[in-house]
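What follows is a pair of complexes built around subunit A, which joins subunit B in one and subunit C in the other.
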Partner chain A sequence: MNPKEARIVIIGGGISGASIAYHLAEAGCTDVTLIEKGYLASGATGRCGAGVRQQWGTRLNCQMAKESVAFFERAEEILGYDGDVEFKQAGYLIVGTNEEEDARFAENVALQQALDIPAEHLTPKQAKRLIPHLNTEGVTSATFCPTDGHLNPFLMTDAFYHAASERGVRFKTYTKVTDVRVKDGRVAGVETTAGDYPADVIINAAGGHAQLVGQMAGVEIPVQSQNREILVTEPIEKIQDPMVISFSRNIYCQQTPHGSFVMGRGDNRPSGYTTESSWQFLEAMAQTAVTLLPPLKDLRVVRQWGGLYNLSPDRQPIIGGTEVEGFYIACGYSGHGFMLAPVTGRLMKEIVLGEKPSLPLEELSLERFDGEDTEAYEQSVV
Partner chain B sequence: MRIREHPILRFKERSKIAFTFDGRTLYGEAGDTIAGALHANGVKELSRSLHLHRPRGFYCAIGNCASCHMTVDGEANVRTCITPLKAGMVVKTQQGKGRVDGY
Partner chain C sequence: MDKRDVIVCRCSDLTLADLEALFNTGYKTFEELKRIARIGMGPCQGTTCGPIVRSAIHRRFKEPIERIPLHRARPFNIGIKLGAIKEAADDES
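== the complex of A and B ==
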């Protein structure tokens, strides 16, 4: 069977599912249906910090992020989108507070520079020049990449949605997948709250719920979901261009084009599916933010919310096939699925259509977790 | 405008409080909110809308909306409708979304 004529069902209408839908349709797939239990971007995509950085600690993450940035830079043009996805490349400043981190920064920057990512290792003084209101007390060094940035997750999903729709993809929102039918070791279709969809190919892009969808097909995916909280403040005039993050201080914080500050932390939580808000987060977040960026003390918090990180054992995504023929997964992004979505879509298209992979897919495969511990553990995660 | 005479309620005389509004010295009365004192002085435009820069006045009067945000003693986005007036306050019409701490 010509894979372009396969009946393809994508589960999950976040940025990953929308990007996969677009890439498949753009490549000529004629029968693609995306099923989403809420509205598009209602899960982790619409709840994320919306940052895009290329400063990673593993070669593969760096490459995927770099290629995604190249896509975002021309997203409107590539997708023929009338709107503006608000991609602002004002850089990411990563702040370190101990020698161990400084050493890791030096290694990371060397790796990034070798891949033509324009990152630099900075002294605290140089960092303060970039962000005058940064409190450098306790800061030992920093790294900065000027082409990192942030964009609007709702608009970016919308851009993929429009481009995919124009190419014939059907989007079924408010439709929940209740089961995945498998027959003789290969997928047969999905059952949903709005009827059955026969399928030759099923792509699990269910984000925080990917493990549950995997179980429906009898595929055990070694991921866990954790609630990660985030808040937004009232808007003020622009004072901060780069996104500021710190792994040791546990913070990411950006000022959006609207003027509000969006910030979050990565506190380890029990795995589960709650996205509740807590006062403990609010207190810890406020303390961390005000210590590192003192003028933020005058800002009022407008609201806070939670979203699911889907964590893989090595904090790198899982993209590829499974032991069930026709059942593919794109999950385990560990908090950076939004920024990698353009590459996710392209890689999944290559896998489904049996094309030559443009990146080393074995490093992203589910099989990498069989047996030994993996080498390339991504440390640079908030 | 202030209601001095009322058929049922009686208003006691209250002490005057001086403050400045965009550099002008104005007087409110003890117990006023900032926005209340401004209104009594005939100041009805408290801010400007962010996109079309149209005048915004007293609106919700309970601290929920953003219509009365002003910069008071250097602090941006003070909800003047629920903030008590104090002697010597420096109240300014805010330019845009307001600023923090000299940045």
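== the complex of A and C ==
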């Protein structure tokens, strides 16, 4: 059978599912249906910190992020989108507070520069020049990449949605997948709250719920989901260009183009599916943010929310096939699926159509967890 | 009256024509509209635009109005300064 004529069902209407839908339709697939239990970007995509960075600690994450940035820079043109996806490249400043981190920063920057990512290792004084209100007390060094930045998750998903719809993809929102039918070791279709969809190819892009969708097909995916919280302040005049993050202080914080500050932390939580807001987060977030960026003390918090990180054992995504023929997964992004979405869509298109992969897929495969501990572990995660 | 002159959301400057254009692209709930167009996210927090959007959804999609949900309100009805939260947290520890 010509793979372009396969009946393809994508489960999940976040940025990953929308990008996969677009890339498949753009490549000529004629029968693509995306099924989403809520509305588009109602899961982790719409709850993320809206940051895009290329400063990673593994070669593969750096490559995927760099290629995604190249896509975002031309997203409106590539997708023929009338609106503005609000990609603002004001950089990411990553702040370190101990020698171990400084050493890792030096290694990361060397790796990033070798891949032509314009990151630099800075002294605290140089960092303060970029953000004058940064409290450098206890800061030992920093890294900065000027082409990292902010992207609007809702509008970027909307852009993929429009481009995919124009190419014939059907979007079924408010439709929940209740089971995945497997027959003789290969997929047969999905059952949903709005009827059955026969399928030759099923792609699990269910984000925080990817493990549950995997179980429906009898595929055990070694990921877990954890609630990660964020808050947003009132909008004010522009005072901060780059996103500021720190792994040791446990914070990411940026001023959005709208003027509000969005900030979050990565506190380890029990695995599960709650996205509740807690006072523990609020207190820790306020302490961390006001200490590192003192003028923020006068900003009013207007809202907080939670979203699911889908964590893989090595904090790199899982993209590829499974032991069930026709069942593919794109999950385990560990908090950075939003910013890698263009590459997710392209790789999944290559896999489904049997094309030559443009990146080393074995490092992203589900099988990599079969053996010993994996070598490339991404440490640069908040 | 021209729909381009009917203001639906004063905070984010959205007209009835803008709203109907969003309906045409497939968005049909307050939660979706809020995320695409910032309706309900300004100083009024949906108290002005909420009923207007609801009646527009009702007229367009023929849903009974009592079944059309308004947007989900998040913690904090009044903004609290980060510095005040930090101070309170510091006092406790």
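Please note the rule applied: the second predicted complex is superposed on the first by the 382 of 382 C-alpha atoms of A that agree within 3 Å, B and C clash if a C-alpha of one lies under 4 Å from a C-alpha of the other, contacts with A are read in each partner's own complex, and residues count from 1 in each chain.
One rule holds for everything that comes next: contacts are C-beta pairs under 8 Å (C-beta built on N, C-alpha and C of every residue); 3 or more make two chains touch, one makes a residue touch a chain.
Because the structure is predicted, anything quoted here is derived from the model rather than measured.
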Requested in this report: With everything superposed onto subunit A, say whether subunit B and subunit C fit together or clash.
Outcome: fit
Report task. Examine A:Leu299 and indicate which partner it touches, taking first as subunit B and second as subunit C; both and neither are also allowed. Result -> both
**Report entry** Which of subunit B and subunit C A:Pro132 touches, first, second, both or neither
**Finding:** first
Query raised in the report: Which holds for A:Glu100: it touches subunit B only (first), subunit C only (second), both, or neither?
Result: neither
Requested in this report: Return first, second, both or neither, reflecting whether A:Glu5 touches subunit B, subunit C, both chains, or no partner chain.
Outcome: neither
Requested in this report: Would you sort A:Ile236 into first (subunit B), second (subunit C), both or neither based on which partner it touches?
Outcome: first
Report task. Using the superposition on chain A described above, determine whether A:Gly259 touches subunit B (first), subunit C (second), both, or neither. Result -> first
Query raised in the report: Per the overlay, which chain contacts more subunit A residues, subunit B or subunit C?
Result: C
**Report entry** Smallest separation in angstrom, by C-alpha atoms, between subunit B and subunit C in the superposition
**Finding:** 5
Query raised in the report: Where on subunit A do subunit B and subunit C both make contact?
Result: 234, 296, 298-300
Query raised in the report: Along subunit C, where are the residues that touch subunit A in the complex?
Result: 25-27, 29, 31-32, 35-36, 38, 74-76, 79-83, 85-86, 88-90, 92
Query raised in the report: What residues of subunit A sit close enough to touch subunit C in their complex?
Result: 39-42, 46, 154-155, 158, 161-162, 165, 171, 173, 233-234, 258, 277, 282-284, 286-287, 289-291, 296-305
Report task. Using the touch definition up top, name the residues of subunit B that touch subunit A in the complex. Result -> 75-77, 95-103
Query - Residue ranges of subunit A touching subunit B (in the complex, touch as defined) - result: 132-133, 234-237, 239, 259, 294-296, 298-300
